[in-house]
Every structure is written in C-alpha cells, then in structure tokens.
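Just below sit the structures, each encoded as structure tokens.
Two complexes come next, and they have one chain in common, subunit A, joined by subunit B in the first and subunit C in the second.
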Partner chain A sequence: MSVTESTSASLGAAPGAGSRPKVPRDLTPDAPAPARPSGRPTPRRGFLRSLLRNRKATLGVGILLLFGALALLAPLLVPGDPTVITGSGSQAPSAAHLLGTTAKGQDVLALTLWGARSSLAVGFLVGLAATLVGVTVGLAAAYFGKVTDDVLSLVTNVFLLLPGLPLLVVLAAFLPPGAGTVVVVLIVTGWAGAARVLRSLALSIRAKDFVAAATVTGEGSGWIMFREILPNMASIVMSTFLGVVIFGIGSQAGLEFLGLGDVSVVSWGTNLYWASNDGALMVGAWWAFLPSGLCIALVAFALSLLNYAVDEVTNPRLRVPRRRRAGVHAPGGGTVVSGVADAATSNATSPASATGHSPTPVLEVRDLTVEYRGENRTVVGADRVSFTIGEGEVFGLAGESGCGKSTVAHAIMRLLRAPAVITDGSVRFCGRDVLAMPDDELRSFRWRDVAMVFQSAMNSLNPVMTIGDQIADVYTTHERVSRSEALRRAGDLLELVKIERSRLRAYPHQLSGGMRQRVVIAMAVALRPRLLIMDEPTTALDVVVQQEIMAQIADLRRELGFAVLFITHDMSLMIELSDRMAVMYGGRFVESAPAATILAEPRHPYTRALMNAFPPLTGPRTELRGLADGVRFTDIGDLVEVVGGHWVAPHDEPDDDRHDQLRDEEASE
Partner chain B sequence: MSATTDNARERAGTVAADGAPVVEIRGLVKDFPVGGLLSRGRFRALGGIDLDVRRGEIMALVGESGSGKSTIARCVARLEQPTSGTLRVDGVDVLAAEPRRASRAYRAKVQMVFQDPFGSLNPAHRVEHFLTRALVLHGRATSASTLKRRLTELLDTVDLDHALLDAYPHELSGGQRQRVAIARALAVEPEVILADEPTSMLDVSVRIGILNLMRRLRDERGISLLYITHDLAAARYIADRTTVMFAGEVVEAGESTALMAGPAHPYTRLLLSAVPDPRRAGTFDPAERAALRAQVLGATTCPYAADGRCRDDAPVHHVVEPGWTVRCHRYRPHAEVARRALDVSGTATAQTA
Partner chain C sequence: MLFVLRRLGFYLLAFWVSVTLNFLLPRFMPGDPVSRMFARSQSRMTPEQITQLQQLFGLDDRPLWQQYVDYLGNVFTGEMGVSISRFPTPVVEVIAGQIGWTLLLGGTALLIAVVVGNLLGILAAWRRGGFLDSMLPPVLVFVGSFPYFWLAMGALYLFGVSLGWFPLRHAFSAGTSPAWTGEFVSDVAVHLVLPAVTIVVVSVGGWMLAMRNTMIATNAEDYIVMAEAKGLRPGRIMFRYAARNAMLPAVTSFGMSLGFVVGGALLTEVVFAYPGVGYQLLAAVQGLDYPLMQGIFLTITAAVLIVNFLVDIVYVRLDPRVRVS
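Take a look at the complex of A and B:
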C-alpha cells in the first residue's frame, strides 16, 4: 500500500482519505492572500513574544522559573549548611523535616533546594558554553567552506565519534575533582553535536540568495555570519541550547551518581550518590532519593516542553489543528446535496446553459462558491462560478495569482482543505454530483475519471523508485493487472509521450525537468480519464520545453480524446491552445468566450489589461501599462451574453477612465 | 532631485555618446567540479564568452536554463571565480587587480538583482535595514538627515510607499520585494546592474511594472543593465541588444528587434518559434519544431554538422550586419545558404538525398 501512496502523491491527486493530498504549494499561492499591508506594515510578532504565548512554553518557563527561584532563595528558605546533621537518621517526612532526613540525619529538603543551585548552574553553564562553541564552529565551517570546513568538520566528527560516556568517565577520573571539572568535561563532550547540527543549518542558509545579495552589497564576512546568517538560526540555536542543558543536567547527575564528581558538593547528583551509598533504597527510605530524582525529571520535562514550543512557534504547521474534514458545507453547516444548487437560480444567465458545444458536458460547474474561513474574516475564493466543458474540449481559465483559478480546480477535485469550504453550487461530472460523492466513489473519480497535473508535479516523483515502477503501480493498483503486464503498459505509455521504453529503468533525477513533467502527464492519462486538469503545467519550464509539452498534450488529446481544464496566467499560451476560455478576477468570471474571440475582441477592461501584460514578439515597441498594482474591480456582476457564446461581466465604458477612477477611489480609501 | 542623481544623469549624457563598453568580458571560461571523490570531473558551464555591456544600455542575455546565463552574471558579480578569461569594468582588469575578493569600490560600480525576491531579502531584517546598509557601507549617507532623505528618494524611485520601510519582507508581495531589491542595488549608485531573471518568479500582474522600472533606470539615470531572462518577448521589450546563449556559448548577438525579426542562428529561431504568440499566423507546427529542436540540440544530429565541422573545429562568429554576429559554420554573410540554414526540413532532405 505504501507503494501506491507514493505514486499517487507523485501525481498530486491524492486518491483517498488515507493519504494527505499534496496540495499546499499549489493551493496557497492562489488562495486569496490576507490583505497586504500596503502602507501599514504590522510590526512582526517577535519570536520570543509568540513563544511566550504558547501554552507549552509558558508551562515550561514556569517550572524553570520556579526551580530558579527556589535555588536562588535556598539560603533564605533553609538557611545554614545543608550538610549539617539536624536530626536523627532516616526519618520519614514530618513537620520538622518536610522531606525527611538522610541516613546521616541531614534535612532532605535543604539538600534538594541547595542541590538545585549546583545542578542548574552546571546545566545552564554547559548549555551556554557548548552552544557558543557549536555556533562559532558551525558558522565558520559553513561560511568559509573549503579547508576551514574540512578541518572543523573533521574535528567535530572525531568528537562525535568518541564514545560519550566512557570519555566522560575517563576525563572525570583524570581531572582533579570539583564542580569546574564536571563543567569542562560536559562542554568537551557536548559541543560537537551542537556544532554539527548548526553547521548543516548554516550551510543551507549560506546558500540562500540573501547571503549572496549581502556579499554584492559589500558586507564583510563577520557581518554576514553574525548579522545575516545567525538571526535565521535563532530558533534552532535555542533548541540546541535547551537540548544541551538537558544533557548537562542529566550527565552531571549521572557522573556524580557514579561518584566521578566532587561528592562534597551538594547537587542532585551527589544527593542520589549518597542516598545510594547509604542504602536508602534497601531500607525503603524513598524520601532520600525521590526529591532529587523528581527534580531532575521535572527540569528535563520543562526544558523539553520549551524545546517543543520553540519548534511549534518556528514551524506553525505543527500548531494547525488536526485536519477538519475538508469539505463541502452548506451555508447552514450541512453537506451540500445536489438539490441546493438546483434551487439556486440567481445566476441563471450563466454561460453554463448556453455553450451549445456538446449535448452532454463532461464537466458542469454551477454557481460554485468557495470561502476561506479565517479566524477573523472570511474571504471568498470563488464566487458563483459557472462553466461547462464539453467532450474533448480544451477550456482555459486565466487570471493573475490569487484570482481563484486554482481554487476552482481544487474544488472540482474535492482537494480543498480547511479553511477552504465549498459553501454553494454544484459540480457535475457526466451527470454525477461530485460534491455528494462518498469517499470510495471519490477515490475512483480522481485519476480514473479526472486527473490533475500540478505546476510542481515533476518534482513529486518518488526519487528512490524507477519511473517504470511508479507508472506500473498505477496499473497494478487501479486495474489489478499483473506486474509484467503493468510494466509492459508502462512502456507503451512512455512511448506515447515520446520517451524511450528503456527509460523505464531510469530514476527521476536521471531525467530532465521536461521529461519528468511528461512522465507525470503520462501517469495522469494512464487510466484514460475523460478530463485532465492542468494547473500551470509548464510555468516552471523553459519556453522550448513548454512548447514541447504543450504539443505533447495536444497529441495525447487527439489520441485519447480527453477534455482539458487548462489553468495559466499566460494569455498567449492559453489563446493558442484553448477552444474556449474564461478570465477570472477576484473569484469571479469577468469574461468567457471562444479563445479566438477573446484574442480578436476582448471586451472586459481586465481581459485587455491582462493581455496587455505580455509584450509582443512582433510589431513596434510601445510602452505597455499591463496590470498596474492598483487596478482593481469590485462588485463584478453576473456575465451577460453580448453575442453568441461571448459572455462579459457588466462594466462601464470607456474602460480607461473607469480604471483610473477605481484606482483613485481605492487610493483614497 | 539630489546632486547625485544629477551626476548620474550627466554621466549618462556624456558617456552614452561614445557607447563605450562599461563591462567587457573576454574569453570567460567557468568549470564546475562534478562527481565524487573518485571520479572527479569538470563540467564546462561557460566555454569562452565574449560579451560587452555598453554604457546606458540594456543588454539581454537569453537562453534556456542551464545555458550559463546566470553563471555569467555571478562571475561578473564576483560570486563565482572564473576559471579563465578577463573581465574589465570601466577599463580595469578586475580579475587581475582584485584576484581574491572584490573590493568595496567594485561593489559600488556593479550591483545585482536576484531572481527570487523571496530568497534575496533576509527574512530577519526590515526593509530599512537593506537600504540603510547599502547607503552606509558605500558612504552615500553620512548623516542622519541625508540618510532619511536618501531612503525616501530610493523608495520614490522604485514606487514604494514610504511606510514600507518598517515592513519585514514577509509582509510584502513579490513585486514589492523585487522593488526593494532594486532599491538596494540603486542605493550604492552603481554603473551596472546585473538583473538575473528579475521577473520570472513574479506574478503576471507586476511583471510589466518591473520591466518599465528597469527601462526608466536606463533612460533617466544612464544605468547599464545586463538583463538575464528566458522570456524573449520581455527581452525585446526593454533590451537594446540581445545575446543568445546555448550550452555555455554565445551563438548570436545583435540589436534586439532586428535579431528577433530575422534570427540567423537555428537555435535562436528555435527559441523564438517556441514563444507562444497567437498573433503570429501559422507558426505553431509542433512536428516541425520538435524536429528542429532535436536536430539543433543534438551535437551529432545538427543538420549543419554533417561535415563534422562543429566537432572538429569550433565555429567562429560571422557578422550578419554591423553589431550583429552569429556563430555557426553554415552562416555566410548575405548568402543564400544563410536562409537555407533556417530551413531545416529542406536541408535535411537535401542531405539524405
């Protein structure tokens, strides 16, 4: 089954509820972005501030602060030398001795509180020093590279390879006993792990363009290391530090418990050592060792909580509530059934009813409305969108990013995830109601009936499986054919997209980007779907490769006869390839017509602006205005048919005045 | 406008006349090591590039990904060390003068704008930081008041709201970020800006705006731009001259509109034919283009390599017209064969016959 899942993930179209649809990259850019703070930037919520808002962090910090306070206040709470004998030996907790006494008659409470001083001090000192060494070594190795990196990495690896505990024991045994020795020993054994983690992180940051940009600006090495790279490592440095502190406290206790530290110092470790020496366990004097043991466990727990909170804050995905069933909700909260959409007649003049292209449309979308429900506000991603795609037809959906075109595609495949919710409308595939499909039907609907190719799909092939195995999996899983038969068909499929059969044994990295994209397209059409949805399938590719892929799709279409929903922002490409197309803006259709008509006679000002955003290859070089940042339309009405098959949203003429006016209005708001 | 801007304009006025190159690249070679410890090899990314960028012009560098366009920019920006060749900026042989690391004075002349505005601005800093650092490092702002004035001037130049100074990159749109990146490059008042696909990661709605901004920098400030792109239409739109690269070599170079109206090298023609443009009638024949590509891109199948000349003997640059060169054995100036070089099917059949 895992094999199946990897293949389906590679296609982007997740087959079922079991595996998470691989959509975020494709979904988010097109999701309506939260309003940009054009002019009013919000101060960034600081890392520390968001950390303190985190419950785990607050609890962790609270526990640590409590222990810190107890340690600091120990001389006030239990004055005097804690090792002084204050009572008779091995007494159970009582009013006089809240935590009882040791075998010698020392007060356990006093020992525990005073012990916190040494244990916490050593832990945090080790954490600080080892992290500092680790950061310096990691940064230097990553930034300077070459010989510096070789030498530093070698040293780091040697220290990592040295067996930790024996080294601790040997070092502790040879160095003069004392608290300082333990600290030195722990720093020596603790820094290498930190250095290795931080080096690999620094290496990845060093490769970023902003480091190159700082170099070009003329910044020096020190500045780049500490002011450009280091701030981006803050959270990992922090969690490394916390990890080393845990290591420090634990190891100190361990060493001292073994008697390798200075047993005259009062710490949690020596408390345990004495408890064990005095045979507390054997006489059942649990109070002698439990408090110190618990303290170590609690501090480690608090540090781990804090560490986890750091992860959560830096990686917000961990914080997102479990996936709500992405879904189909009626405004009232129930599931949309087909009847709801039929009842909605507000947009009766939609082009859906007037295509005349094919008697039974493959896909019929009516009044589709998708909302992104945020905590504070709801954004409409698609607003009463209606269209049909006939048998074998290529329907294009154009618009800038954020206009809702990908939202529509994902809604058709039912790939939307919370917070996106389909609130109204219907999607019918060959007469079947897609929105009402149960899970098992949906699984076969995706891929077998409708397949989807994403922009980044070529990067989603499984890198450790051969192309042949990945394609064959499609057949063995969905058609239940034998392995050899599946491989034979996989070879046919490759030949169909003009890749040699011998490439079945190739791994994805051995193919060029264009070839990989063709493999993905081949897999998408492997089960002969009747509709192929392509979401910016060539945007990441060169023009030459793009042209080849497009020619390839045209060939496949001729051969297999599927319909295509083609999404792109490239108007030229779209007009060249589509039969009919629609232009989308702000979740609404603003124009819909045969592609040739749009080219010859674009009616809506937005359509014209979009076409004007691409310089021509021929003709005079005139300055284009394209889509200025501020061009915005609001309250786009329902499409009206101006001539047969050409639907346009109502707009005022002359367009340019209206544009400027709208822009001015926006600016003054 | 400040005195510095006037200077820049003056500079543009005086030097645009002579059309002298501000960047001169000769025989630039760059090898990258490939393979592991045992099978260490070399990949030649640039095979001896000659390229000039004149003062106050936009030179476009086009070609498919992997053709070496960005490597040229990174070599000129001194982010990569060329294997061999010379690089002159303002007549100074910089690889000889500053062999290890570029001086700050060099950085003040040559700036770069990166492809990905999401990656080229450090997420840890505010917009103000990027601009202030560039101004302060290069002594363009010595007092608090000049700094403030220069900052607002920069934002005005790139059409950004002044309030955005306090914004972090993640609060900006792609177009706004790229404007910040351009403002950072402008802050040091450079003579040359290397723009590495500055619009390819941006949404269609803001691309033209960035292109127009680059045009304005050339026209109003006389800044020279090396504009790297795979978008031929954009190159034609803003570039005075265009250089076409293929597999680490310059295959054709000339005035943009003329070159795109009548490409002389088969690869240029291939590139052009792949650009979707519904206004061109009758050019979309996938079969023909696929054949052309297969032949041009395969070293042994190039219809003009039948005599093996490309393999044995590197082609030289022929002059098509003054300022327009093409690197192909088959090209003979003003000869019929030049036309035939483009007619692949004809040539191919002639050879098989």
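Take a look at the complex of A and C:
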C-alpha cells in the first residue's frame, strides 16, 4: 500500500513538472494546504541525497558496511579453516576463544566471521537475481500489456500464494543438497513478491501523463521504458531489493537450520543447525547459539532500517513529526500556537473591521496568520488576513490556487493540521473566540455553528459508509437522537435537496457527481448553521450541474438564512452571488469591496488580471492577458480605504498603465 | 458475485499449479530420490501399496499424460498413498491427526498478532509523534529481524530450560490423552504459550507498520477532514472513518501473508517439537517419506488458498465498491 503512496511522491518531479508554476495561469482547484513550496528536487539525485541525510539510513548502511568488511576480512582476522577443532568442547568465552567453542571444540568467533561470507553472499545474490526477474517481469507486463500482462500477473500471483517455506522444504528435499541449490530455490520462491510490486508500479507509471506525453512526442517504446519508466521506479526497486535480501538471508538460515542445506558449508544458518543438533542450549552453551542469530538479526535490522528510510524519503508523510510545544495533536484538534488568542485582540487597526456589514458580525477574522512550517523553511499560507461576515451575508473570497483561501477557510474551523500552524490573529464567531475553544466546545461549534462544503464531494464522503449513516452521524453526535430518528431526519434532508429518500442506503460511488455534492450540501445545512463555508463547491462539476447546485444553494439560503463564506476562482460566479468580496494573493488580501464595486471598478492590478482570466462570451474578441510572466506582488501592504467600503492594497503605479489600457479595451466593447 | 467467481477460478488455478508441481518434481529431479526411498522400504510393503506408490511417483511405464490424469484423479479423491515413516498409516490419516494442532497454533498466533498489530498501528497513526508512533516501530522492527526459530530457541532456553516456567516440547504433557476436560485444555494452553508468543512477537511489527502507514495515508483524505468538520467524536472518526477504510488493504495483505505465517509456524513447530504438520513435514523430509511430504505440501497449499478465498468473500462484504463491479 505504501507503494502507490511513495510512487506519487517520487513522481512529483517528473519531466515537465520541474518548472515553477507561473502566476496566475494555474487556476485549478487548490488543495487544503496551499502555498506549498513548488520546486521539488529531481527524483534520483535528490532521493539519494535525502536518503543519506536520513538517520535510519546512515545507521543501516553503517551496520551493513561493518558486516561486509568483517566478511571480507575473515581470512585475515581468523586465518585457516574455521571448522578445525582448536580447543576442548563447549568452553565459555575466554581470552583464547573470544566467543567460546562449540560442542566439537571449534572456535565460535571464526565460525561466525566465516559464516558471514556465505550468508551475505547468498542473501545479496538472491536479492539481485530475484529483483532482476521482478524488474523484467514488471517492465514486460507494462510494456506489452494485454495478454502478456494477464499471463505474467497470473503466474506471479500464483507463485506468491504458494506457501513459501513449505515449498522451499519440498524443493530442497528433491534437489541434490548444496549451496547452489539453496540459492536457486530461494530465487524461485522469492521473485514473485518483487515482481508483483514492480509490475503494479510500472503499470501505474505507464499510465501517468508524462509517459503519455513522451509517447505523443514520438519517443520509441524502449526509450520510454528505460528512460521514463525505469528511473522513476528506482526507489521502489531499491526497497524491493532490500526486502528480498532480508527474505533471502532469513530463509537461507531457516532452511539450513532445518538441515536442508549443505551442512558442511559454514554459514550462520549451519552454525545454528549444529548448535541445535549438538544440544548447545540444553547444556547452557548460549555462546554457540547467540552470535550467529544476532548477526542475522542485525543484518536484517540494518536492511529494514534502510528500507524504512527509503519509504520515508519517498513518502515524507510517514516521517515522525517532531512534537511541538503547543497542543499539536493529530486529526481532531486543529493546531494553534498557544497565546495567539489574546495576542491579537489588542490590534484594532485592522481595516476590514470597519467594513462590517452589520453591527454584530457572525464571523470576525482579524490578522489571521498561518504558517506552514517545513523542516528547512517556513511558508506563510495566510498573512494578517482580516475580514468580517455579517448576518446572512455572502462574502466571496477569490484568488488563484495556492493563494491561501482554503487555508483561511480551514483555519476558521481549526481544521488545519501540522505542518500548518496558526501563529497569530483571532477568529471570533458571534463574539466567541474560536481559537481558544477547548476540544469539546470546538466539536460542538463545528457543524452546529459553522458548516463547510468541501470542494470535492467524492473525496469528502466516506466510501465505505452509506450516505444515510454519514448524515445520521451529524444528528446522533450533535442532537443525541436515536439512530432511527437520525435516519428519518436524514431522509427529510435528502428530500430538501431533491434526492429520493430511498438513496439513504446508497454508497457514495453509487451516486452521480452532482448528487454527491447535493448530499454534502444537505449535510452541511443539517443543523442550520449560521455560517456556511463553501470551498469551491462546484469546481469538480460540469457547467449544467454547477448551475443546478448554485440554484439549490440560493434556495436553501432563502429558506434558512445562513451567511456564506464563498471561495472560488470563478470571478463571474462570485460577483453574481456575493454581497461583498475580497481578492487574495500570496496569503494577503489585495482588495476588498462590495461585489458590484469590484465589477465596476477593480483597482488592484491583480484583481484586474484575475477578472480578465475569463473572457466574455459575447462581443468582439479580446486578447487574454494575465500578469506578465514573473510579475509577482511582494510585500503587499495593509489595505487602504480608497472610497467608502472599497479597500485596496497599495501597489506600483507603472503597472496601472498596462491595465488602464486593458480597461479601455473592455470599455470599448 | 462475478468478483468472487473470478477469485475462485484463480485459486483453483493456483491449486492446479501446485498439484502439477508435485507431479513433476519426483519425475524430473536428478538423482532419482524416490528410487532410493523404495530401495529402503520396499520390503515392508504389500504389492498393492508398492503399485500405488509407483503410480504416484511415476516409477511405472505408463505414458506421462496417463500418469498425470491418474495423479490428478488420485489427488482429488484424497488417495495419496501410505506414509513411509509412519508405515502403514495412509498419508491422509497422518495429516488429519496433526492439522488440528497447526490450526490451533497458527490460528491463535495469527489472530493475536493481527488484532494487536493493527490496533497499535491505528493508534500510532492517530497520535503522530507519540510514543507508539516514534518509539515502538524501531523496537518491533528490530525484534522482527530475528529469525523465527532463533527467537523460539531463545525463548525455549530462557523460559523453558532456565526458568522452567513453561514445558519444553510437544502440545500436551506425556501420559495425558486428548479429552475435553478442563485439565487437558489448560495443559494444552500452557504448551501453546511459548510457541504462540514467539510467532506473535516476530510478526506483530509487520502488521503494525503496514496499518500505521495506511492509516497515515487515510488520515490525509478529505473525508477525514470532513468528519472532523462535522464535529464527530475522535473515537468515531478514528474507527468508523479512518480505520474502517485503512483496514481494506490490511485484509488483502492478511491473505497474502498467510504463506509466511505458515512458514513461521513450521519453524516454530520444529523448535518446540509441536506435533503439527510443519513438524511432520520436516520429519517426512528427514525420513525420505515422499508421499507424506507431498500430501502435507498439498494440504498446506489448499488451506492457504481456502483461507484466501474466505478473505476475499469478507473483503466483498467490507468494500461496497467491489460489490457492484
């Protein structure tokens, strides 16, 4: 399962994705964690470098190198045949025999060091061969596809299913004994695991866009396999290899312990076989038994550490986060740096508070600052953001992907998770300090007071629960009603958004995209919250369904009278629906005014660029002009009120010329 | 339904492969080990038993395809000849007498390891950076690095030989005979502790880490954020929303890892002289008892395949998305 995870991570910097996203071209829906650092290192070099920085990896490599050196130097350290009897039997460790002697009188230290040679050689040989077969099968399946893939995956799965050790035992019993037999048998039983992982990986990479792009540009298939697909498999090939080596060393030891290998070969497995055969433990000669087992365990541990590090590097989410002082706790709490709540109350210079629509705002956000704290650098997701939403008001928040609008939305409900931290500012709901709420108060505040419609309905519904149960959860938790009563109310809700009551028993995947979004909206109004946050509620839907959904929301609002924080990058939709709106860029507000004012008289160059991103459907053609490449606004100042209720961040005048020109063109239409 | 049928077909195919492997091995392996076996034990057998074994191992002059057809017929009717090492007991009877112990040991150990491992994984992923998340995984990885049999021998030495807390070998005390009495059941339980605990200790880390990693991926899903936004209690989000989804891959890997568990149980049985099929398999190998060896291998394979099929059926119940497709 971690395979697909780490795949996507290691593919992040696939060819073509390396350049920084230009502003503001990329107007796709943004993830809950925007403002993410954009440039990622190329997979291979960056991968090895981060691997070497990983503590687990360095420890693992260190142990392996130590054992490798001991194995190589064994003839120098303990010269001569290790099986020769050099002392009396079963002697405890002493100066003459540092690790004691076996029941026969052989030196345990010599046997252990020499044993490393055979054990490591067999393990790595098996690892190499089985991985090679796995890569070949994986690439062949992805390359030829269709019947070849079917046959190969069938064979792989059958081999994988056959119980390994019993098969090993039976094979070893029929084959003539010897070290070569053990290697062959281990490869035969070990390749399938590698092949299965690498096949599905190769197939998933083959399906990626950059491979399709390479195909379209006319690259040969061989080139695609070896230059596009194989390099992206590097980290998984490595962890597969490590896994097979662990399997090889362990199974070799197991086989030899059972006496199925060549018992005259000196290896850790045969050492243990003899220790057991001579009854070393029964006479208390633990030293004959301990070293070889410890060696196997240490080598396997080192390999596991290395494997684990590869996983962590390719899938950073697995890394254990450092616990922070202030109540960082996993899903549930929302992360707030302590002391934030009172720190901000004194700061009354915030402009947006003056733009309040009604005397008692439903929501009052003041100087909200959110940081994404990475290991190497910190990115500010929202920077001193202030606004208020009045009773029943629709407040729009516009901006490109990654500008921080979802960060603001999540911060209001304290849904942000590490590495995002609210470092400053306050969020007040009807006068209550949201950031200071204890856990249980926060839980009842969520959904009852403020509910949220997330951008992707498919992903925000639990795939293995019926939608009825998911709606009922809201009632059983907040209203403490029985399940049957909760389900009855859930049915009413569905009817409210014009879905048949019978669909309560449906699972999310059985509904269309539009229906799912309506279910989510129904769920959001279940407790009649005073504020509904809608984070791009229609982005994933087609235009017709989009219209239906927006009409639905308008109906519900008329009926229930909730205020809305409406987030989108669709300026026309926003201007149509919002009473007031704000435009956000790089975590800061650049302009805030009644929607009609913004439409008639956008003042900030970024606002104008954003509005021009959608061409008019009628009238003469106009040239689409975003911001020129590389134009970025930095150090955006606090909003200044230019006219009553119209706040704009100070900006450079030269930009205005170009945009004045644009505006003239618009005016001439 | 189609899914279940397709899986059934797949398992039948896998079984056919292992039967064919069994058929081919004695016929094409160099050194003719089966003849050696006959040379050693022919004198004790009746002519019928000799003919039957010769047919099973291809020591007659029928054409190969005919041997194959007859072999398949024999396997599916349970005709696997007589055991050489436990002459003249038929192979099927030897296996029937021992499979129960393996099921008891393997089943108990697997159940405990799966439940404990997955619970630990769920909790570790839920409290990222906590004790379970940061301290336990390395420890369990280290313990899991030890060979099954080595840890088993260590436990045997420490708790059996030195401390004398647990019996050293077998599944029940010598002199007692199996019966449904409290005395016998507790005797069996005491004998079960060391072998089962060693299997659990070695395998629990794998379960925990797999579950933890899946849970971490699941916790980042939108539906978990949505569940939090809904103000649900943490326990409900953790189990009903996160773990319920994260367990799906765990169910699949449960079937996959069964082969390994059987292997581990085999080694553990050998160390503790536990009278299961694994112990018997090794005895059969040492006694050149090829009929018994083949019978045990096929039995283990069949058991693994059947459990996998049951797991698939459970999976269909757990994942509504598979149910329709």
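In the analysis below, the second predicted complex is superposed on the first by the 529 of 669 C-alpha atoms of A that agree within 3 Å, B and C clash if a C-alpha of one lies under 4 Å from a C-alpha of the other, contacts with A are read in each partner's own complex, and residues count from 1 in each chain.
To be clear about the criterion, a residue touches a chain if its C-beta (ideal position, glycine included) is under 8 Å from a C-beta of that chain, and two chains touch if they have at least 3 such contacts.
The structure presented is a predicted model; accordingly, all values stated were derived computationally and were not measured.
Under the clash rule set out above, the superposition-derived model of subunit A with subunit B and subunit C shows the two partners fitting side by side. In the superposition on chain A, A:T378 makes contact with neither subunit B nor subunit C. By the touch criterion defined above, A:S502 reaches neither subunit B nor subunit C.
After overlaying the two complexes on the shared chain, residue contacts for A:V544 are found with subunit B alone; subunit C is out of touch.
Between subunit B and subunit C, more residues of subunit A are touched by C. Once chain A of one complex is fitted onto chain A of the other, the partner contacts of A:A214 are limited to subunit B, with no touch recorded for subunit C.
Contact with subunit C, but none with subunit B, is seen for A:L281 once the two complexes are overlaid on the shared chain.
Legend: residue contacts after superposition of the two complexes on their common chain; A:S204 is shown touching neither subunit B nor subunit C.
Legend: residue contacts after superposition of the two complexes on their common chain; A:S94 is shown touching neither subunit B nor subunit C.
Looking at the shared chain after the overlay, A:A173 reaches subunit C, while subunit B stays out of its contact range.
Of the two partner chains, subunit B is the only one touched by A:S572; subunit C is not.
Closest C-alpha contact of subunit B with subunit C, superposed model: 6 Å.
Of all residues in subunit A, those touching subunit C in their complex are 1-2, 5, 32, 154, 157-158, 160-176, 246, 250, 253-254, 257-260, 272, 276, 281-282, 284, 286, 289, 293, 296-298, 300-301, 304-305, 308, 311, 315, 317-318, 320-323, 328-332, 410, 413, 415, 418, 442-448, 451-452, 454, 456, 459-465, 473-474, 477-478, 507, 509-510, 520, 523.
Contact residues on subunit C toward subunit A in their complex (touch as defined above): 10-11, 13-14, 17-18, 22, 25-26, 29-31, 33, 125-130, 133-134, 137-138, 141-142, 144-150, 153-154, 156-157, 161-162, 210, 213-214, 216-217, 219-234, 236-238, 240-242, 244-245, 248-249, 253, 256, 258-260, 262-264, 266-267, 270, 278, 281-282, 285-286, 290, 293-294, 296-297, 300-301, 304-305, 308, 318-321, 324. The touching residues of subunit B, counted against subunit A in their complex, run 64-65, 74, 77, 79, 104, 107-108, 110-112, 114-116, 119-125, 130, 133-134, 137-138, 161, 163-164, 166-168, 170-173, 175-176, 181, 184, 188, 203-209, 211-212, 215, 230-234, 236-237, 257, 260-261, 270-280, 284, 286-287, 289-290, 293.
Contacts from subunit A toward subunit B in the complex involve residues 33, 36-44, 208-210, 212-219, 228, 231-232, 234, 400-402, 542-548, 550-551, 554-555, 569-570, 572-573, 575-577, 595, 599, 610, 612-619, 621, 623-629.
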